[in-house]
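Naming follows writing order (A, B and C), and every chain is counted from residue 1.
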Amino acid sequence: MKSHTEYLWFHTDQRRQYIRVTEQVQEAVSKSGIQEGMVLVSAMHITAGVFVNDDEPGFREDLDQMLESLAPFGQDYQHHQTGEDNGDAHLKNILVHHQVVIPITEGKLDLGPWQQVFYAEFDGRRRKRVVIKAIGD
Amino acid sequence: MKSHTEYLWFHTDQRRQYIRVTEQVQEAVSKSGIQEGMVLVSAMHITAGVFVNDDEPGFREDLDQMLESLAPFGQDYQHHQTGEDNGDAHLKNILVHHQVVIPITEGKLDLGPWQQVFYAEFDGRRRKRVVIKAIGD
Amino acid sequence: MKSHTEYLWFHTDQRRQYIRVTEQVQEAVSKSGIQEGMVLVSAMHITAGVFVNDDEPGFREDLDQMLESLAPFGQDYQHHQTGEDNGDAHLKNILVHHQVVIPITEGKLDLGPWQQVFYAEFDGRRRKRVVIKAIGD
């Protein structure tokens, strides 16, 4: 079995931002030499997510709006008693999920035609990380 | 390490439909010859999901109703400026998540007594795919 | 390829309860002898979840409150026509997701500084299980 580990760093301008990472994940898989296996793409922070969906700006606005309606920024969360102001970002992390697993087939990400991998930042403007872990043969 | 890849095709009658696939996933695992490992079951579309829950029609209605209340069909989504009418289905894909990983133990799906694997179609009436990827020994 | 399987049992005092299991998952990984791979932590019940987030009591209250607002206990769910009263717990399982996959790097859970693994019980006061499956080299 082969394995390969890589970390992506992000430092967004905005508090909430959605960044396509499909190409970086494919590069990590290519470096690994794995032909058949799986690659995990997982946020290492509790206020960010990783998802697979369309690379379409309208959808990203819809997603952002739904998340804001379910877990609005600036609400009086219990978590804020710690001095933090990012309670909404913790909840958005849960709703979106913080990770995806992508099958590797013949050395490529085995995604459908419209599937793209995104990093979802919910509390940005500081350095944060995603781990990529590929295993297979 | 062994690996096995299979694709399931769906073409539902209804826009939203929930289809049990546990048996097909177990068959793929049996064909793989894997005794110990993991199998990924992942929608290849951005308007469908895969989940594990009870095979109980009442629950499926409750799920459908909750998803409709959080991301209603027919709302004026930004995504619709592309000419599409399935903005709700993209959001339901995010809420339900598009994949599950099932442990394989002694050649069987290591599921609890009530756990069944479902394909969740949110924008059907056309051909769509799920990838099954098993890895292990 | 090595693999290791373990089951954690839970029997909570309360209907809804959130229990940190990071240490137990790390112990299972240590026992496995795996240095590079992945470990799946997955609820075996349809009324429980597994998530990764902060070990902070305020956040857990915020999460519980959000889940209660999206899928309230005691509502008149279709699932209750079976005689059950836990329709809310099935929906909470979907929203939180029932599993996480954690990368194993140099024999350790490759988590960010604040990431802890939690079992989320939504219909407790009886014996329930989580499966831990590690694979790698």
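In this section, a residue touches a chain if its C-beta (ideal position, glycine included) is under 8 Å from a C-beta of that chain, and two chains touch if they have at least 3 such contacts.
For clarity, every value in this text was computed on a predicted model and none was experimentally measured.
Fitting chain A to chain C on C-alpha positions gives a rotation angle of 120 degrees, to the nearest 5.
At the interface between chain B and chain C, under half of the residue numbers involved are used by both copies, so each side presents largely different positions. Averaged C-alpha coordinates put the centre of chain B at 20 Å from the centre of chain C.
For chain C, residues touching at least two other chains, in rising order: 1, 38, 70, 95, 97, 101, 135.
Chain B meets chain C in the complex at residues 1, 36-38, 51-54, 56-59, 61-63, 65-66, 70, 95-97, 100-103, 105, 110-112, 114-115, 135-137. Residues 1, 3, 5, 38, 40, 42-46, 70-71, 77-82, 87, 90-91, 93-95, 97-99, 101, 129, 131, 133, 135 of chain C are the ones that touch chain B when the two sit in their complex.
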